[in-house]
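In what comes next, chain A is part of two complexes: it sits with chain B in the first one and with chain C in the second one.
For the complex of A and B:
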């Protein structure tokens, strides 16, 4: 039972990060209708910015994360402004290839700056809390709490502010949004910025638990795609729920079956969904 | 399927240049660079069949390249099977896997198809790395022998290998050319332009996609097998997503849905990369933005530019 609880907490912590990455992906998909393959690179860049702030500038963890969020919001926004805006009206294949170009540009840049070595990120939250016989590192608690705070913030942004509502409107119907006077380009830019910020939060939160390296985004982006397909492309609740579920399934399979098996779960789910219902399990609703 | 005379002359000249190349250039390094470009180009033609003519972005092409290479490599290095059996076996193996993967992947189109094939590509690398007993894991597989001789024809010299690879490249180009000019090729394009319209005129879109995907995989398998045999070594990176990305760069720079595009793009970029070897570190950093610029400003690549030029002159 203790083992189960222990792994449950670990799974929730991992799921928090999965959900944050999937959220950014699903928001951009809603607006752009194209899977942003470069999203994993944003997550990687977010982790590196935090790493640099912590190690080279001696910033506190919270400041490092805040800087990372701002930098990645700008980076995400400029992706839309410099690249995807210019591909409006072309086939989705064009945007997908451009996204791959951005992915390899960012990974290549990280490789040139920091090299392919794995980096350990220090955290001030290195204590351990014991609860019901379960040992939880403070960093994991931070991951879980910060993710929930971010998600609630995002929810309020989407439901209570004009900006958020215009993002939803555009996801539902781009032309309709344009007709009622929404500046769709500005909304697209903002969505990319928010998606970059979410990736930065995810990358900064997970960095002290895992290692930071240029290709760190490749596997998680694939999992985020599985989550987003499972939850329905463009669906916010789907991305959150899917993230926690996939992480829990992986952690449990890793504990009770084998590590190799846990890595196959995401892929197995993908095949299953495609065979049963190629358009995703849930109907799309924002 | 007859060529206009001017193109026929140009093609003959090109072929003659390719045949004379190793005799005129007394530089083994340069010859081996061109051989690498040729074998990669074969797989890029496969990518073009799927992306250029059928309109679907398959991100498993690097994975299929790896499967072809490992199939040939394992047969030849571990089981000492002759090249002349291992090569067709590798192509059949890759095509068969392509068929099976296609059954699931082709239930989707567009973005979902790209995501699914990306996942397939990543899984192929993971399997190659984990299946150490067979594939040699992350160390790769060494000691793949050169092709055995047929009668008086020996293939242990670089020049002989050049001609062998050139033969398969010309064969590939001929097959792709015949294909796109055939009724089958036209159904590919019909499905690309509008799947609904294609269905309305009685084209079985599912079968068309499946066929295109299998051909695409088979060509990747052929290229990969030749690559492994020519290098005498194969590692997991060869089947990686980065390989797919490189092929995409070659194809987009050369030009999609054009016969010369894949070869021109591959030769040009591979050549330039060798020339700029001192900056190898910055390769991905430079190729990423180049791909983005090409996609935004020259979506038809060099082949598209070449077609524009004569029109301007005529005015």
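For the complex of A and C:
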């Protein structure tokens, strides 16, 4: 029972990060129908910005994360402005190749700036809490709580603000949104900025638990794609639930079957969902 | 369409001919592989095919750093002599992203464009592919940086295996671990081909010495985001010792996860992970009771501290600690230079390989980071091997009777 609880907590912590990364991906897909592989690079960049703020500028963890969110929002927005806007009206293949190109470009840039060295991000939350025989680090508690706060914030943004509603409108029908007077270009830019900010939150939260290196985004972006397809392309609740579902499936399958299969589980789930419900588990609505 | 620009074609082809002529001319002046540089040294190209991008880039660049450091030192010291002429090494590196089929492509390119008589490959998958290539024309010497004993099975006549084979470690390590901590072993190793071979060897030895094995909770260290789950599962078996290992940095994360969850037992760590790199991520207290390869800086040979001093002088006092990846390959390049001198050729891999044993035995003292004793018939460079067990925060050395540890 202790093992189950321990693994449940581990799974939820991992799922929080999966969900945050998948959210940014699904938002962009919903609005622009772009499979943004470069989202993995945004997540990596978010972790690096926090790293630099913490180690070179001596900022506190919260300040570092805030700076990272702002920088990545700008970076995400410029990605749309400099690259994807110019591919408007071209076939989706163009955007896909551009996204892949951006991923490699950003990884290469990080490699030039910081080298392939693995960086360790210091955290003030490095204690361990034991509850009911379950060990959990303070940083993991922070990850879980911060993810929920971010998700609630995103929900409020989408449902209660004009910007959010225009994002939803555009996701449902781009031409319709244009007809009712929504500035679709501005919304596209904002969506990318929000997606960048989400990547920064995810990257900054997980960085102290893992290591920061140029290719760190590649590992998680594949999982995020599985989650987005699992939850339904463009679906926000789908990305959140999909993230927790995948992480729990991996952890539990690892515990009770074998960890050698945990990768298999992720992609097995993907195939299963595609066969039974090709539109994803939560198709409609952003 | 061709007739549209009849004139523009001509100068280009003329230029091509000129360029080709120029290339031929420079090619002829050297030893069939490179020219003479401004120092009056002739150039021998050494190929390096390894991961320079992707998740294993850090590892690949460490290997590259080792041979580059040796090549630079040799050039600065006025080169090495072969048959009355003086040579230096030029390292030609190609990225294979750790993928064996990319290794093969890169090797072909090196042979065609750089006429490399020696090619270094730092992973077993790539080594196996190259073993199929290096005995056919054009022949070349394969410098194999992998501790996996199975690369010797091909009995490749043109190979040098640079590090000690890992199957010498298990017996003494298991003995020490069982003696200090107990007989229950849990496994969270990496699941690469190398990791699996290691796991098999350690499992067999653990049961042979009467211990009990937990289930294998191995995960791929290169693709796993979070190790907590696998570690929790393994610790639920209440082990005395944890068998782990893969690249240093993820290995350190596994250790951190285990200590956070209250594990106080021993750590049996595969030779891929290096203590000094792990210490950048976890404190020495977390490594208490660990057993693994000995750090280069304090290796119990006269040459090791000298090497470390030269390393820090070249790369700066604040650069990351030199690992055995750097040191072993550094020494190997000196050994190859020595073998070329003895063989009187920089181009005939068979003649160079034939003198490798003598080169190992007569390697100058100042570059003997490790006390190499010779090269066996199948190409293994033999030497005394020391490993480290951390006791009260200190490295305690354990001498390994490696199969072929003495010539």
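Everything that follows uses one rule, which is that the second predicted complex is superposed on the first by the 279 of 286 C-alpha atoms of A that agree within 3 Å, B and C clash if a C-alpha of one lies under 4 Å from a C-alpha of the other, contacts with A are read in each partner's own complex, and residues count from 1 in each chain.
Everything below uses one rule, namely that contacts are C-beta pairs under 8 Å (C-beta built on N, C-alpha and C of every residue); 3 or more make two chains touch, one makes a residue touch a chain.
A quick note: this is a predicted structure, and the numbers were derived from the prediction, not measured.
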*Have a look at chain B and chain C on chain A after the superposition and call it: clash or fit.*
clash
*Where does A:120 make contact in the superposed view: on chain B (first), on chain C (second), on both, or on neither?*
second
*Given the touch rule stated above, what does A:251 touch, chain B (first), chain C (second), both, or neither?*
second
*asked:* Output check: A:260 vs chain B and chain C. Expected answer is one of first, second, both, neither. What do you get?
replied: both
*Identify the partner contact of A:102: answer first if only chain B is touched, second if only chain C is, both if each is, neither if none is.*
first
*asked:* With both complexes superposed on chain A, which partner does A:94 reach: first (chain B), second (chain C), both or neither?
replied: first
*Which partner does A:219 contact after superposing on A: first (chain B), second (chain C), both, neither?*
both
*Is A:35 in contact with chain B, with chain C, with both, or with neither (first, second, both, neither)?*
first
*Looking at the overlay, what does A:83 touch: chain B (first), chain C (second), both, or neither?*
first
_Which superposed partner A:157 touches (first chain B, second chain C, both, neither)_ = neither
_Stretch in clash, chain B with chain C, out of 39-47, 129-137, 255-263 or 273-281_ = 129-137
*asked:* Just to be sure I follow: which residues of chain A are touched by chain B in one complex and then by chain C in the other one?
replied: 107-108, 111, 218-219, 260, 263
*Taking the complex as given, what residues does chain C use to touch chain A?*
53-55, 57-58, 61, 188, 191, 215-220, 223-226, 228-230, 232-233, 236, 249-250, 253, 260-262, 280-281, 320
_Which stretch or stretches of chain A touch chain C in the complex?_
2-3, 6-7, 10-11, 13-14, 17, 107-108, 111, 116-118, 120, 128, 130, 135, 137, 140, 206, 209-211, 213-215, 218-220, 223, 250-251, 254-255, 258-260, 262-263
*Enumerate the contact residues on chain B facing chain A in the complex.*
51, 55-57, 59, 104-105, 107-108, 110-112, 114-116, 118-119, 122-123, 126, 130, 241-242, 245, 248, 252, 281-292, 295-296, 299
_chain B partner contacts - residues on chain A that touch it in the complex_ = 33-35, 37, 83, 86-87, 90-94, 96-98, 100-109, 111-112, 218-219, 222, 225-226, 229, 233, 260, 263, 267, 270-271, 274-275, 278
